[in-house]
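Paired with chain B in one complex and with chain C in the other, chain A is shared by the two complexes that follow.
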Partner chain A sequence: MNTVDFLNSREDLLSPGISACQGCMAELSLRVILKVLGEKTVLVVPPGCMAGAAVGGWNKSLGTKIPAAMPQLGNSASMLAGIKAAYDLVDPDVHCLAYAGDGGTADIGLQALSAAAERRDNIIYVCNDNEAYMNTGFQKSGTTPHGARTSTTPVGSVGRGKVNFKKDVPMMMAMQNTAYVATLTPAYMNDFVEKVQKAATIKDGLVYLHVLNPCPTGWGTKPENSIAYARAAVQSRYFLLYEYRNYEFTVSAPTKNIREPKDVTEFLQKQKRFAHLDEQDYEEVRRVVNSRWENLKKLAGL
Partner chain B sequence: MTRIDALTGNECVAEAVRLCSPDIIAAYPITPQSVVVEVLASMKANGQLKSKIVDVESEHSSMSVVKGAAMLGKRVFTATAGQGLAYMYEPYFSMSTMRFPMVMTLACREMISPGTVWCGLQDALSVRDAGWMQIFCENNQEILDMVIQGYKIAENHDVLIPMNVCYDGFYLSHQTERVEIPDQEQVDAFLPPIDLPQYLDVNHPAIVDPNTVGSYLIRYREDHLKCMQTAKKVIREVNDEFAEKFGRNWGGLIGSYRLEDADYVLVTIGATTGAARVVVDAWREKGVKMGLLKIRAVRPFPEEEIAEALKGRKAYGVIDRSVCFGWNRGIIAMETFAALGKAGVCLPGLSFVGGLGGLDLRTEYVDKAAGMIVEAAKGAIPAGETFWMNEDFL
Partner chain C sequence: MENEYRVVYGDSGLYVLDTASWRTFRPVIDETKCVNCGTCLLYCPVCAVKKVDGRIQIDLSYCKGCGICRTECPKQAIMWVKEEE
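Right after this comes the complex of A and B.
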C-alpha cells in the first residue's frame, strides 16, 4: 500500500480540520504520527503550540481520541518514563509518546530526555522543531539557527539575530547510543511514515524522532509554502535526513539521492527571520551546512 | 513475627518502603538521604523488593516519574532532602494539586546559602504551603511507622493528598536506634492495596492536567483545603488503628509529655523533642511543672489541639530548627502564634531558633529556654520575643 492509501486507511486521532495556525507543520506531523501509531497510544504534550491548540481540546472536549497528559515544560521525558513504567504493569504494548517543542527538548527538557535514553526507557519522544518557542511569541531556543531574528535575539543597530549555531540534538542523542534516532520532515512523507512505523517496532529503548516543522507564523513565510520550505531545507542539506541505530548511521533516501544540492539561500531567503542576512552570513551558513554533511558522510561510511 | 534490629533513620525508611511495596520507586541520592536510595537498590538487587526502580538523574525527574506512574493509579515512592526538594519544587507542587497520594520521605537539611549539607527543617517547612501533608518524626521507630501509616492516610479516598514523612537529617538519618520491624503479614493486614482509577486509559481517553479556567481551579483548591482538614480526622484514626495493631501510639497530630498538669510548656518539632524530654524531667525534679508539646503534623496544622493543649498554662516557648523570614521568628512559633490567636487563647509565648546548619540543640540550650519560659510567665521577658540559640545563648 502506498503512503497516501495507508494514511487514508488510518483513523485520524487529532482535532478535525486545522486547530493551529494556517500552514502549521507541527499539527500535520502530529496527525500523521498518531495515524501511524494508532489508538493504543498515550500522548504527553508539554506547554507549547500543540498543548495550546490541537491536543488541549476545546470547550471541555478532548483534542485527541487517545488519552493525553500535560507535563511541565522540562519533564516530558521523565513523566512519560513514569507512565511507561506503570503501563508495563498494565499493558506493555501501549505506545508512550511525547510530542515536545524544540525548547522543551533542546533546552529545559534535555537532561530528563538524555537520562531516559540512557535508561533505555521504551518511549517514543518526538521533537517538534520549529526552531524557536513559537507558541509564546518566537523566543530563541537551542535549536534556533544562526542569524535568526527572534523576540529575544532581535535585530537592531548592533544585534543581528542569534549569534551562535543550532544545537544538534539528534546527533547528541545518537552519540549516547539512543535505541533509535531519526530525523524527519513532512515534505518527504514516505520517509516520514516509514520512520514512524519503524519507531513503533523498537522495543529495546528510547526512540528519538527529530522533526523539522516549518512555522509560517514564526518564520515569516506564506502558509502555502510550508512544505516547500521543508523540501528546500532538505535539498540544500540545511536539514539532513538520516537514521541511527546500534552504532550505525544510515543516510535516508531524500538526502542520499540529492545530486546537486540547492544553495542554502533557497531555504533562507524570503523568510522574514533571515531578512537581515547578507552574503557573509550566507557563507557562514554554507560552511556549517557543509561541515555537518561531511561529518554525517563519515559517520555513515559514505 | 516482629523483628528487632538496630537501624539508622534512612534504613528505617527503606524497611518501611519494602513493607509497603510501592509499584514504582524513583529517587535520586542526596546527602543526607542517600542511604535510603542505596538500601532500596540493594534490596532490589537481592530480590527482596518487588517495586520497579527507575534510576533518575535528578529530583525533578524523580517526582516527574512517580507523577507519571500515579496517573495510572499506582503506589509510588521517592525521597529527598534540602536542595533536592528545592530542585523538585515544580513537579512537587503539581503532584499534590493533582491529588495523587504517595509518601515521600525527607531527611531534612538546611538550605543553601551559605553552603551546608547539615541538619535543619528549613527545606520541608519552606514548602509547607505546597499542598502536601507533612508529619515530623522524633526518632527512627516513628519514621518507620509513619511511612506505613502515611500510605494509609494519603490513599484514603476522603484525603487523596501526598504525605512527606520528615526527619532531622544526620541526627536521625544517620543515627542508629533500636527499632521494631513488623512482618509483611502485619503490614498487609493494616495497609490495603492501592485502589485508584487509571486516569490515562487507552480504553477511556481523557486529558490529564490541561490548562484550566480559574472558575474550576478555585473549586479544586477549595476541595483540596477541605480534604486537608478531613485528613486531621484520618490521621487520628489511622494512628489509633496502628496503635491497636502494632502497639505504638504516636499521638496523631500532636504528641505530649508530662503535659497534663504543666504550667510551662516547651513546644518542639522533630528530633529536638528528645532533648526537651530530658529537660522536662529535670525541671519536674526541681518541683516546677514543666511539660512538653510535640508538633507532629505541620500540614494539616493541628490548630485546635494546640490551642487546647496550651489553654490555661502560664507560658510556653517554641523551639524551631528553621526561620520564618520577615517575621524574625521560627516557623513553628509563627504557626503556633496564629493557632492561639484564632482560638483566642492568650498567654506569653517565646520563639527560640536553634540547631540551624546542623548545630546541636543541646540540652543546656533547651534547659535555658525552659528557664526563660518561666521568666516570661512572670513578665520578666516580654512575650513574643525571639532568642537565637547561637554560641552566645548560654
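Right after this comes the complex of A and C.
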C-alpha cells in the first residue's frame, strides 16, 4: 500500500481541533506517528507546545483518544520507563511513547533520556525538534542552530544570535549504542512512516527518533511553506536523514540520493530568525554542514 | 457521578477546539486539475484531507487555512477562496 492510502486508512488519534499554530509541523508529525503506532499506545508529552495545544489535556479533558499524561519538562524518559514497566505486567505490546520538545530533550531531559537508553528500557522517545523553547516565547535551546535569533540570543549592537552550535542529540544517542536511532522530517513522508514502523518492531531497548519540525511562528516563516523548509533542510544537508542500529549507520534514501546539494541559503533565507546573517555567517554554516556530512559518510562507510 | 479525571478512549472527554474559525482563506479543490495523488493528504497538519472512493476531499470542519496543501499540490489544483465575515 502506498503512503497516501496507508495514512488515509489509519485512525487519527488526536483531537481534530488542537491549538497548535497554522502550519505547525509538530502537530503533523505527532498525528502521523500516532496513526502508525495505532491505538495500543500510551503517550507522555511534557510541557511545551504540544502539551499546551491540549495534547496533554485541559480542564479534565484530553486532546488524544489514547491515554496521555504530562510529565515534568525534565523527566519524560524516566516517567515513561516506569509506565512501561507497569504495562509490561499487563500487555508488553503496548507502545509507550514520549513526544518531547528539543528543550525537554537536549537540555533538561537529557540525563533521564540517556539513563533510559543505557538501561535499554523499551520505550519510543521522539524529540520534536523545532530548534528552541517555542511554547514559552522562543528561548534558545541546545538544538538551536548557530546564528539564530531567539529571545535569549538577541540581535543588536552586540548580539548576533546564538553563539554556539547545534547540539547533535541523535549522534549522541547513537554513540551510546541506543537500540534504534533515526532522524526524520515530515517532508519525506515515506521515509518518515517507514522509520516509525521500524521503531514499533524494536523490542531490545530504547528507540530515539529525532524529528526536525519547522515552526512558522518561532522561525518567522509563512505557514504554507513549512514542508518546503523541511525539504530544503534535507536538500541542503542542513539536516541529515539516517538510521543507527547495532553499530551500523545507514544513510536514508532522501539524503543518499541527493545529487547536487542545494546551498544552505535555500534553507536559511527568508527565515526571520536568520535575517541578520551575512555571507561570512553562511560560510560558517556551510562549513558545519559539510563537516557533519563528511563525518556521517565515514560512519556509514560511504 | 461525573469523574473528576478521565482517561479518554474514543470521543468521550475529548478536548476539541473550533480551529475552522481561524481561517481567513479556505482551500477548494479544482476538480478539473486534481489527479487525486494525495500529496495534500500527506502534508495537512490537521489531517483534514481524506480520500473517499479514490477521490481527494477536504473536510473544512477543522481546517486551519494554513495553505500547505495549496503550496505542495503538484498540479496547482487547490484554489484559495476568501472566507466571508
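Criterion: the second predicted complex is superposed on the first by the 294 of 302 C-alpha atoms of A that agree within 3 Å, B and C clash if a C-alpha of one lies under 4 Å from a C-alpha of the other, contacts with A are read in each partner's own complex, and residues count from 1 in each chain.
The rule is simple: a residue touches a chain if its C-beta (ideal position, glycine included) is under 8 Å from a C-beta of that chain, and two chains touch if they have at least 3 such contacts.
Only a predicted model underlies this, so the values are computations on that prediction, with no experimental measurement involved.
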If we overlay the two complexes on their shared chain A, which of chain B and chain C does A:A179 touch? Say first, second, both or neither. neither
Does chain B (first) or chain C (second) touch A:D5, or do both, or does neither? second
According to the stated criteria, A:R31 is in contact with first (chain B), second (chain C), both, or neither; which is it? second
Which of the two partners, first being chain B and second being chain C, lies in contact with A:L62: first, second, both, or neither? both
After the superposition on A, what does A:L299 contact: first (chain B), second (chain C), both or neither? neither
One more residue to check, A:Y87. First (chain B), second (chain C), both or neither? first
Name the residues of chain A shared by its contacts with chain B and its contacts with chain C. 57, 62-67
Which residues of chain A touch chain C once you look at their complex with the stated criterion? 3-5, 7-8, 12, 14-20, 22-25, 27-28, 31, 54, 57-67, 186, 189, 222-228
Touching chain B in the complex: which residues of chain A? 39-42, 51-52, 55-57, 62-72, 74-75, 78-91, 94, 111-112, 114-115, 118-119, 121
Residues of chain C that touch chain A when the two form their complex: 4-11, 13-20, 22, 37-39, 41-47, 50-51, 61-62, 64-68, 70-72
Report the residues of chain B in contact with chain A in the complex, numbered from low to high. 23-24, 26, 52, 54-58, 60-61, 64-72, 74, 76, 90-91, 94, 198-202, 204-211
